[in-house]
């Protein structure tokens, strides 16, 4: 029997649930995108984004998906034939690498087993080897949405510096921003890529690139043809709060409200909350006797947890049962992880009780699906939450 | 530390959470309450209510709270000096009795310990004694919101019939309708009182009375002054889908949608769902080693569960902790139960995972408050849910 | 052909269009009506209402229609057999008189031709005659929604004082409040009755009574049975921001926002805006060569304008044509005015351009219906608006 | 004095007002973009778009502005060095030409005076001259948003055929689609470009390209690097109702509703309504003694009307006065038309009365600004509306 009463549990690692406050902020008439009211909105969201990216540098807002912001990063900073260093940390790193390849970039793609982040030691070694500075950029995924493993961006930065290498540091924080700490300026990132539908708690439809002065200079020197994604075209009207083409106004209304919510809670509190919920989730996985995909504790994602299925059990059959029976969406295993993992999102508009509801659904689902497990996951999560706070 | 991110858990026994579908149905411009579009709306909700009350009799819809519908029942059917039989099943039965007394009704108020429903045997005995048929009505609360105990209305009806007594049967199903089975016609109820903000999943603001032919005849014969609540004044324009004074149009938009949702799910399925969630909640209470207030298993409420606090522990301090720390509202103990019980609502827009979230909050709250309990409640609830369905 | 694209023009004299801001304020989850967040809401709306009623006295908020607030006024202050003075200023005055009669009140109902307000001279004469002070109250409709004529309440007050009579002054400002100046304290009103769906720009579902100390004392001394409407029962929990029974929470969310909007614009500005729109509407009527129902310029309503149809033409056929063809709702002629007048609402969420749209619809409708008229109404309204402002 | 009560009149030529139905459809939780509910949504909007574009060919939906869809058209079908034929019909034609130039396309840009559409005779002549078929595409703007002049696309198609030339026909119908007749298949268009915020009545954030088999074949043969905009990448998952990257789900909810509204009204009725409103607007302009920018009656836009200011009067000062005083946004003059024209949008969620409100605002604004004009515009518009319908 299908239960369809009550709220759907949207526990995929994005799009994440949209808060009621954000919904209400978006639920209003569009305004003239060339008028004075829009200019105020534009200034507010452009400034507000800086706070969220922890930067004084400009943040570009595109009407696009996060994939569009990937492309913007490539076409502004790189040209066909350029060499870049990337890490096979998972499905999205692989997709970004494929996109780079489509643009004629030569990618040195360091292989990985999809169970941890990029290795700063390899960054340093590879760059130290590159004495001609042929490598134009190091491109790293901050929070791999397909695996639940993060890359330690600050350490990657140090590795680049250690090697005395001028490569740009381009970071995909599509699912990290607003949930996991991401310090564009302090960590010396050149481009941070993100989107609206993860930690920013909006519906999909906005892509972002925060750009350092060095990245901007690289873009100015780059002759690759581009138009929609061109940073300079954006930055000119942005000065007055406007955009070079019609922006996605209602999503900007929502963005203004989402930024306000994040800053009211406080970024450190937001990050701590995600860490607490993630720790409880991993405690649940351990309680069930199952395995978290990410192998490196210092790289556990605060955003999502990918769980390995016991051999002989299909993750997608399990997800379907959970959807049909408990009205909860879990994330599917992507590419080579298909059928082997399911992913639990615990990001954005999420609190302890909604997480416990979700974990109860997983535990009851494991039982209903006849998947070998112990019943102690939910209990372990509650224990974790109890000890994970000091109030 | 207060967690205020994510959805508030509204687990009081009403107002209950409003489904998104109902919210969207109400979020629209008001219309001319004398125009043709309104007439269609009026017909739809007046007919739809009949399905929900399981009756062919008219249902009156007031812009009022449920208390208003109590008053409507009294002033239409009774006069000062009339005798009625009522049962002290809890706080709301007591309030209704007080209201009747204010209207000059002489109430034979059968005392009770607030841990069970009205006793059909007493109904039969009291009516059998009343050979002159001085008792004009038996007034019973179907689902006592203050205690979580129901009264067995069909048995009360049989008791009246057994006594061969012409008394009207007036039933408060304010928190029962739409959650607990309530058959206005089949159970021979003369007036069923209800409201919008419980099983109908709407915001508060509508009161209802379903009225039998016998009740209507009694009202016509009743000379007590009344105006706003007068049934005949309502029934005349209702024939054309209109109302004698401006109706609460946007709540009627929501009512139309809520009725559609209940009928799409199917009333038997709705009632079974409530029973399943209630059983899981009681299993949790037992798992914690705590006591359910309602003592009679055949009278357990499918709508809410009142839980007795261990001696020496204040329920309201516990509720405050749960609100501050887990952003969940639980129902307070009312009148003589103040401080001694808390109430868990599991009605309306509620499903298995949202219930598990709520029960986890209770369990973590008991722990945080240092209230003696066992940690097995959440686990027991999951076990109950597993066995409580046959799909 | 029916045009149904674009916004419906709701130009009845209430319910009036709900502003988007108010819609968004209401479009949110209900909250625990016994919790701390509700207490804040309660305090805000109870205080805010005082500003709108221009009083320091308490304002009672009922989940009811305005008709309920009429009844509340009667049952709190009067008893069967009491004498009151009322004026037949139109349909609603007549309905209120009938309601009073149902409650056993003896009404001295001064006849009128429905083309002007209550006559202060008659008030003074009648009260001066009543040397035993048998008349308990003077009951006047501030803004007759059926006719578009106001009564001069301040002058009525002076007339009572002139006669040295202790009668209460009970005022229906159901469609006046928030649109026409109404000074509960300064004008010495004892009870002001109102509702949500007119100048307060909310959907229907709330009734109000502002009560003077004298009215409250009269109520305390009044032994008439009452419960739902009882002021004292309301005032007790109101002190803490709560209500004696479940309030219509989402309408209160809207009320908070509507009050904020009125105070942001400023009550004098709100009243001036209504006067300006009303003057433009009357200019249009004159421009068409038609007749405004209200005969007394000092009593023209700022809220609505009732227009007399030329002989031999049915107002409802005209209204139907306008609805079908231009998607605009105009107010019908009520009771003895049925078919003879149509009413144009220009209240609440209304501005110069939306009024011009409505007046254009009337002018095109008159043409389409073949009703004798001149085509200068819209032009005259624009001229009026031009001269009616000094910016 | 600024009037800010009542609804803002958004009479720019897009973004156009969003209907309440569409707002409500979007105001809901996002869903899993890889789940079964999304697949149904995807199929519905992809099929529904075909009806609106009047095609059996696939329509690609991007999370982007219309500018993005321009770029998609160029990068899929053209390569650096390709020659195309374009017409300087206004600001947007010029912008598209500049974009093409940025992509290395050699544009034969036929000059124009911004007062009419593309000349089919020139198309035929130019193509007839091009015996080597060096011209790869004819790129035409269907409805020039900056001027209110349309190009006769069917005639352009015939001109291409007359010349026996294989050039692709690429059409920008960004502000035409859903308001002006546009027959992708019957008119032999190869790519039709559009967006969400004009005739589709949605907020901005979606770009569209409808593509013929010939265009698709050209794209497959085209080796220009592209990724985000690549048609084949889109078409693969579209088969199952999915997208290659996260789509703008909530805008798709709105799109489903907007398509339903257009088809319920009927496309011919939608187009006729726009023609009727446009004719009334031009009648008003004539009534004021002002000049419509578009000189060619067969090319008058049904979507917007650009009005020339009398010499010595600044259009933007006038627009500011209208915004401040009447709360209406009019379109600004773009590029070389800056200060010389203002534009009145009459598209999408618009009806006769809302148009009359807008035209009244222009007439009162002309008066308030002291701009020489006659006062007969509003009257002429009403006369036009009277004769422009046959019901």
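Annotations for the structure displayed:
In order of appearance the chains are A, B, C and D, and numbering begins at 1 in each one.
Here, a contact is a pair of C-beta atoms (placed from the backbone, for glycine too) under 8 Å apart; a residue touches a chain by one contact, two chains touch by 3 or more.
All of these numbers come straight from a predicted model, not from anything done at the bench.
Path length between chain B and chain D in the touching-chain graph (shortest route): 1. Each chain's centre was taken as the mean of its CA atoms, and the one lying most distant from chain B is D. Averaged C-alpha coordinates put the centre of chain A at 45 Å from the centre of chain B.
With centres taken as mean Cα positions, chain D sits 35 Å from chain A.
Contacts with at least two other chains are made by residues 7, 17, 20, 27-29 of chain D.
Interface residues of chain A, counted against chain C in their complex, comprise 20, 24, 27-29.
For chain A in complex with chain D, the residues that touch the partner chain are 7-8, 10, 12, 14-18, 23, 26-36, 62-68, 71, 80, 99, 102-104, 195, 197, 203-205, 225-228, 244-251, 323, 329, 332. By the touch criterion given at the top, residues 1, 3-7, 9, 17, 19-20, 27, 261, 265, 270, 273, 325-328, 349-358, 360-361, 363-364, 367-368, 375, 378-379, 382, 385-386, 389-391 of chain C touch chain D in their complex.
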